[in-house]
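I've put the structures underneath this note.
One chain, subunit A, links the two complexes that follow: it is found with subunit B in the first and with subunit C in the second.
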Partner chain A sequence: MPLPPASGTGRYFVKAAKSIRLIRQGCTNRPFFHISVTHRKRLNSQPVIEQLGSYDPMPNFNNEKLVALNLERIKFWLGHGAHVSPPVAELLGLAGFFPIHPRSYMTAWRNRRTERENSEKQKEAEAAAKTADAA
Partner chain B sequence: MSLFKLFQKNTKNVINHYNNLQITAISSRKLSILPSIYDGEQDPGPKFFSSGVQALLKRLTRPDFAKVFRKRTNSNLSVLRTPKYKFLTDEELKAEMSKANQTAARLLQMPPVVKVHEPINEVLSKDPALVGYDTSKYLFTDITFGVPNEHRLIVERNPDGTLQNCDHDTRKRLNQIYFPMQGRKVREPIMFADEEKFNGLLEAEKYEYILDRACIQYEPDEPNYQKITSITYQHVDMKTNFNLLRSTRHFGPLVFYLTWHQSMDNLMLELLQSGIVREAVLLMGLRHAIHEDITNADEVNVLVPQILPTPVQLTKPETLSEEDIQMDNKCVDCIAKYITNNSAMKSQQELALQGFREDYQQLVDLSRGLKKAHGNA
Partner chain C sequence: MISRNSILKRTWPMLLQCAEAHRKPRWLPVAKSKIYRIPKRPVVSEEERIELLRINNNYKTQMRAIRRFYHEEMIKERSTLESASSEMSQRLEAEEWERCVQLNDKWNAQVAAEREERRKKEFEKMEEYALARIEAKDKELKEKIAQASERIRRQKELSTTFITPETLDEAIDHALANPTDYNFAIDLEGQQYLGRDIPIPSKEQKRKAAENN
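And now, the complex of A and B:
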């Protein structure tokens, strides 16, 4: 059977619940995601209704992550009551299209905390090494 | 050990010294052309696009169909086709000619000359609570169908939490990634990025190649485009290689550049030496349209609309009608005034004009004599 087109098959039931999610399209050790709208009950491996964008989670040579969003179609599907999955909501929040997702703040805060802890640990280790040298 | 170190240091020094020497050698060989871009107070756009200036530039291009329609590559054809010869009636020939004229007008459409764009630094929001979310930048592109590249929404979220509109370089890169333009590269081609290579191309006089590629690679309001074209134009002017760019779409912007920067006297000299006085008057008209500093502007303004409808002179005329002679004499007087009042290369241009006068007198005598001999003088 031929693969369904990346842009989607466009076949859907009008009243069924839709969901805008990330669908992994890369290969092993190289993730790449399509942002697609699909039936909420369908698996990610099944053909989607429409592709709405893409997300490349691996930074490029300029240390940038690229996200493409078809905002017109996203608005259309949101207007039809589509559910948005948390990773997509986070991306849309970062893009300034949605309010920032609470999970983004949580991640940022946790990252800051681990960094702080790591630096404190490092300082302690250095201090300990100094005292050992002095002794 | 220490001896070895010393030796190492010395070799390093020697190598460094050698490198420095090499660099100085290269820089002395480099062309000392300073690019000048359209970034001043005045915007060249309105002047360039005004219909009068466009007509002058198109006429100064001196379109030669043999060059406009020449075969440039056989990249898409495995075998070059032989030309077709057809018998045509007068009407059919006229239709074919008008078609060819239209195609030539399309091929000779000039790349626009506009002011350099302003940098974009519009911050949309600042959110310090997002510091630490990610170490890399997020770039968001709106890929909505049917939005032109220049109006596309492209924003970036920096690691410090600011959301801002992207600058022109990033916009261009992302537009090229999501909506590729044939022939344009995401990274700057090495012939533009590497100065040595660029100078090599200039020295090989591949001006048309440089300018064509620059047209594809850059937008006309990019500083890089204007730098590259300005260096190329100055090189053409320095080497008086105007004929290489004639009847190409780049000649108009070249003339506009030279006139805008008040350095069109070399071109004027070249026109006088090749004996095309009408175009010299058109060049004066162009200078007046841009700077309004010609002393005998009234004469030029009268002559220019008379010259524009006359056919393009590709070769020297063999015989002259009385009207032609009258017009050319007017042109010569006009140019003589220009040389005494406005020119920066007076003596050379005077000499060239004198040479033209002598040649022209011979031609006039010849054509008048011919007419007399034919008995219809």
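And now, the complex of A and C:
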């Protein structure tokens, strides 16, 4: 008995709430996501309505994380009032389709802060080593 | 009665992988070692909180606008689809179609010209290649013929010495009259002594011969 296709069955209830979300399709230690529209109350293991793109979170040979988006269909489903999950909203923000998601800003400034602190610590350690050498 | 279609096109898969298979069942109590553990709350500074609030509010406002835009667009599209059957839109569509066909024809003609040119070039190349091959083949054949004729000429020259049925008796007589002995002996200095019946000189005889000389 064949399983329903991961690219979507195309069957949905018109009045039910839809959600555009990442659906994990990889295997152990190899994450890969489909960006799919599905009913909001459905589990990620259940068949989706339609696949709208894909996201490969592992950097490839050129240090790129590849994202594919079917913007026309995303527009269609947004027009029909589909909700967008935060990770997908972040991806769409980085793609320039939405405004940049606040969480992207937050992670960025937090990363910058930790980096700055680490560099300061390193400098202090170096200075301490120098004074120890001089003494 | 379950129809075949309802099984094939079902929304719920027959097999379900349980995500909680490796987790503790929900009804088990907190582990003894974790009873008094209080998870640490994330600390967000006041400054950061205000900034987050601000950008979140901005984001929500913008997203609402985007959503409304796409929703309105959807409604507009639906209404245009409904009004597409009017005479005006039909005429517009026909004009658009005409324009597209003309453009398509133009492109087709362009591509056809390019294709013709390319095919001509390809045909010329093919012809050249075939001619070169024919020439090479001819040359090879000629060489072969020359070699064969040379071999024939040599054999003809040799054929004067062949033994034929007519000259067989004569050849036999000749062979019997002139027997040849190919046997020979060889000594340590590498000298050949042809024939079977020649006596080999002893060392003394040799020395004498040397003295005489």
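Worth a mention:
One rule holds for everything that comes next: the second predicted complex is superposed on the first by the 134 of 135 C-alpha atoms of A that agree within 3 Å, B and C clash if a C-alpha of one lies under 4 Å from a C-alpha of the other, contacts with A are read in each partner's own complex, and residues count from 1 in each chain.
As a working rule, a contact is a pair of C-beta atoms (placed from the backbone, for glycine too) under 8 Å apart; a residue touches a chain by one contact, two chains touch by 3 or more.
Predicted, not measured: the structure shown is a model, and the values here were computed from it.
After superposition onto subunit A, the partners subunit B and subunit C occupy overlapping space and clash.
Contacts of A:28 after superposition on the shared chain: neither subunit B nor subunit C is touched. Looking at the shared chain after the overlay, A:105 reaches both subunit B and subunit C. In the superposition on chain A, contact of A:115 is made with subunit B only, not with subunit C.
Of the two partner chains, subunit B is the only one that A:72 touches; subunit C does not reach it.
When the shared chain is aligned, subunit C comes close enough to touch A:4, but subunit B does not.
Using the contact criterion defined above for the overlaid structures, shared-chain residue A:95 touches subunit B, although it does not reach subunit C.
Within the superposed three-chain model, A:64 lies in touch with subunit B and out of touch with subunit C [touch as defined at top]. Look at A:53: by the touch rule set out above, it reaches subunit B but stays clear of subunit C.
Common to the subunit B-facing and subunit C-facing surfaces of subunit A are residues 105.
Contact residues of subunit C toward subunit A in the complex are 7-17, 19, 48, 52, 55-56, 58-59, 62-63, 66-67, 70-71, 73-74. Subunit B makes touch with subunit A in their complex at residues 124-125, 127, 129-145, 153, 155-157, 161, 163, 174, 177-178. On the subunit A side of its complex with subunit B, the touching residues are 53, 59, 62-73, 91, 94-96, 100, 104-105, 107-109, 111-112, 115.
Those residues of subunit A that touch subunit C in the complex are listed here as 1-4, 9, 11, 45-47, 75-76, 78-81, 89, 98-99, 101-102, 105-106.
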